[in-house]
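Below: a set of structures, written as structure tokens.
What follows is chain A paired twice: with chain B in the first complex and chain C in the second.
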Partner chain A sequence: MSKKRELILAFESSCDETSVAVIEDGHRILSNIIATQIKSHQRFGGVVPEVASRHHVEQITFCTQAALEEAGVTYTDLTAVAVTYGPGLVGALLIGVTAAKAIAYAHHLPLIPINHMAGHIYAARFVKPLEYPLLALLVSGGHTELVLMAAAGEFEIIGDTRDDAAGEAYDKIGRVLGVPYPAGKEIDRLAHLGQDTFDFPRAMLKEENLDFSFSGLKSAFINTVHHADQIGETLNRENLAASFQASVVEVLTEKTMRAARQLDVHQLVVAGGVAANQGLREELAEAIKASGLDLDLIVPPLRLCGDNGAMIGAAAHIELKKETFANLTLNAVPGLDFPYRA
Partner chain B sequence: MLEFKTINPEQTIAIAKQLGQQVQAGDVLLLDGDLGAGKTTFTKGLAAGLGIERYVKSPTFTLIREYQDGRLPLYHMDVYRLEETGASDLGLEEYFDGNGVSVVEWSQFIAEELPSDYLTIHFNKDVRDDQVRTLVLEPHGAHYEALVRASFAD
Partner chain C sequence: MKLLAMDTSNQAVSVALLDDQQILGEMTVNIRQTHSQTLLPMVDQLLKQTQTAIETIDRFVVAEGPGSYTGLRIAVTTAKSFAWTLNKPLVGISSLALLAANIVDTTALIVPLFDARRANVFTGVYQWQSGSLQTVVADQHVSIETLLARLQLLAEPVYFVGNDVAHFKEELQAALGSNAHFVGANHNLPHASVLGKLGLLAEPVADIHRFGPVYLRKTEAEVNWAKTHDERGTESYVEQV
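And now, the complex of A and B:
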């Protein structure tokens, strides 16, 4: 008799993307359907919750059907249903939560609630098996955190932004530069064409802790452009982008390396939308090489850096073993956070 | 109307903290100023006045961040991204009528959802000095006039 396959149907709808995936044994992607809404959001310069929830409703049944078909499985083959229940936009989260609850109820399957940020870290599981303790740098539009994982499924924030998230800083200075949302990719491209000539501040580097701050950098950038405007001068966009990115990347890299030296970790996972940034990847790789630390840098492939269902399925594999199940009272938790280190 | 000139973020925080010690459940504060004018800095001070110890982080991405660990809950909202859509489906009135203090950045984008009385705080950047701000407190309604008087009695 053959062993029953472990198949998790995973939902993600916390923000821009509606995504449904089928994951086998926590690390094989049988399908990962992603319906993105970025086009409709571009008009608004950001994520608009009402638009987000309406689109999720339109997409989610289609995505579910496509995920099952592409994986070549039916509901009766499934082991469990997993879903992102926070953090995110409440209206958007509720669409995924409701869909997952309905399917779990109808097909008598366990329901596994997943923290979206845990999903981002577990996107790295598709690269290779994770070894604990592990350090993760989570960088996205809403987060900039250093997370210590003492064991599988255990998360503790050891460093955090005190104001703006790194991805948010990209989007806001993007608006000043006239780069459409989401601005990260284009600023990364411009940065590679320019030089760090403006010498923007590197926030909190001198402080002992592992926290970040990007609000002062944002202000310095805006002031620089504003002053030039006042005297009718046009600054070089490539150099502005390069100088901004140099500051962000240096602070992220320096604090991450500081954490790695303090902790006995051998893997560093960089996750979240900003993990797609080439400048950050290059500088981290160089810093690790220069440090002589036995530290393996794991960055999920680009298509898994953004929001997707596959990463939720990977995280759910751990929780399935621990039997962390929810019942039908599961609700969206928009402000869900990992615990902070005491 | 009450005006303050601040020459660094610490002074902005100090003013906000005084206000934070006096605000009451259901109070609504609107923060009006450009990107980088000090709205989130002000909110940090207000949170300190409420006895909130967690980091007050920008709510731009999440739209709303709630802080429950102070004398009153603080609801920090940033509706920057609702410029073209408004907020009719967001249920913001539940926050405004709730048990906490609501702070709204970019409130001009949701003018139709706002209560009739509130305290507006304008942040004007100095054209000559990047560090200098003029904060103008503009109360709408008797309750907010009293709040400003109580916070800055001398």
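And now, the complex of A and C:
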């Protein structure tokens, strides 16, 4: 008799993407349906939580059906249902949580609650098997964290932003440059066409800790542009973008390398929406090469850097083994976080 | 026909199981609560107490709104997911209609209402005609002032229903005098069994995927955006990538 396949139906709805995936053994994507609301929120210059929640309700069963059909599986084939229960927008999270609970209950399947940030890290599992201890740099619109994983499914924050997340800073300066939300991709592109001529501050670079700060950089950027406006001067957009990105990337790279040197790790996972940033990928690769460290840089493919159900299914594979199951009272936890290192 | 009905439009959570007109069980909890934590455990308890397998449910009925946005989405998403995943019909019923249907044995006008804050209400006007509850004025979001002006014009006895009626009782009485009638606590509370009976007769939704709450209000962001933009020509704001 052949071994039963391990198939997880995974839900993600923490922000402005409704996504449902079917994942086999934690590392094979049978389907990964993503419905994005970017066009909707572009109207408002950022994600409006109530609008996001409304879109999720209209997408959730549709995406689930597409995921099952594309994977060619039915409920009796499934091993478990997994869902992001935080962090994120509470109203948005609730749609995935509510649908996943109902579907798991209707088909008598175990329900696995997943931390969205664990999902981002486990997106790397689709590239290759992960080896522990492992260092992860999580950069997105809501987070900028260095996470140490001592073992599978164990997460500890060793560095964090004191104010804005890196992705948030991108969106805020994007507004100043007139780049539509989400601004990261366009600023990355502009940055590659310009030079670091403005020499914006590199916050907390000289401090021993592994923490970040981006609000000073954001203010310096905005002040520079406003000052130029007042004296009727037009600044070069490419150089502004390049200078901003140089500061973000240098701080992220420097702190990450500092952590890598302190720890006995051989893999560095870069995850979250900002992991799609070419400038960051390039500089990290160079820094690792220059350091002589035996450190394997793993960056998930672009499609898996943004929010998606596949990464939730990959993280759920680990929690399934640990039998981390939710009961019927599972609720969204918008402020869910990993523990900080003692 | 076995029918499971659920309502989380406002503070109370109510679930009921019916076999045609027969109420097999009903559970209503009226405390401040997190609906996402209470609804499914209540459904589970009801099914267990009535020894019913969820697979044997023939129809799911949900109070579709108006009401608290987040609250509505819990029952709507649950009912919609159940109906879709078990391949059973789904019926959406006005959250105001199920309150109106609490009041029987009268042919007077029935006005259920929810406090929508800033002196506004979600309300509609209902009436029993030949044994069936009819909508006289469609559910809407309206200022309490406008509602009262309209009801004054009608100059008919009106039954106000809903827990939020208490917030406006003095204004209602002042405006309508002896035409304003109020009902007891049990009638002000939503009962999923009443929802179920309405759902028994109603037409199931044609496309479960597209089904969502009836909010009766656009979000503030959309309203502001629409002041300076034209929505025509926009195919869809959500796309699969």
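The criterion applied here is as follows: the second predicted complex is superposed on the first by the 342 of 342 C-alpha atoms of A that agree within 3 Å, B and C clash if a C-alpha of one lies under 4 Å from a C-alpha of the other, contacts with A are read in each partner's own complex, and residues count from 1 in each chain.
The definition used in the following text is that contacts are C-beta pairs under 8 Å (C-beta built on N, C-alpha and C of every residue); 3 or more make two chains touch, one makes a residue touch a chain.
Every value quoted in this text rests on a predicted model; they were computed, and no experiment measured them.
Colleague: After the superposition on A, what does A:334 contact: first (chain B), second (chain C), both or neither?
Modeller: Touch partner of A:334: chain B, not chain C.
Colleague: Using the superposition on chain A described above, determine whether A:215 touches chain B (first), chain C (second), both, or neither.
Modeller: first
Colleague: Check whether chain B or chain C contacts more residues of chain A in the superposed model.
Modeller: In the superposed model, C touches more residues of chain A.
Colleague: Have a look at where A:255 lands relative to chain B and chain C in the superposition and call it first, second, both or neither.
Modeller: The answer is neither, since A:255 touches no partner chain.
Colleague: In the superposed arrangement, which partner chain does A:317 touch: chain B (first), chain C (second), both, or neither?
Modeller: A:317 contacts neither chain B nor chain C.
Colleague: Tell me the contact category for A:95 with respect to chain B and chain C: first, second, both or neither.
Modeller: second
Colleague: Per the contact definition in the header, classify A:116: touching chain B only (first), chain C only (second), both, or neither.
Modeller: neither
Colleague: State whether A:103 touches chain B only (first), chain C only (second), both chains, or neither.
Modeller: second
Colleague: Of the residues on chain A, which ones does chain B touch that chain C also touches?
Modeller: 43-44, 48, 50-51, 91
Colleague: Across the complex, what residues on chain A touch chain B?
Modeller: Touching chain B: residues 43-51, 87-89, 91, 141-142, 160-165, 167-168, 172, 175-176, 215, 218-219, 222-223, 230, 334-335 of chain A.
Colleague: Which of the residues in chain B come into contact with chain A in the complex?
Modeller: Interface residues on the chain B side: 34-36, 40-41, 55-58, 60-66, 80-85, 88-90, 127, 130.
Colleague: Mind listing the chain C positions that touch chain A in their complex?
Modeller: Where chain C meets chain A, its residues are 34, 36-38, 40-41, 43-44, 54-55, 69-70, 73-74, 76-78, 80-82, 84-86, 208-210, 212-213, 215, 219-222, 225, 229, 236-241.
Colleague: Report the residues of chain A in contact with chain C in the complex, numbered from low to high.
Modeller: 18, 33-37, 39-40, 43-44, 48, 50-51, 53-55, 57-66, 75, 90-91, 94-95, 97-99, 101-103, 105-107, 328-332
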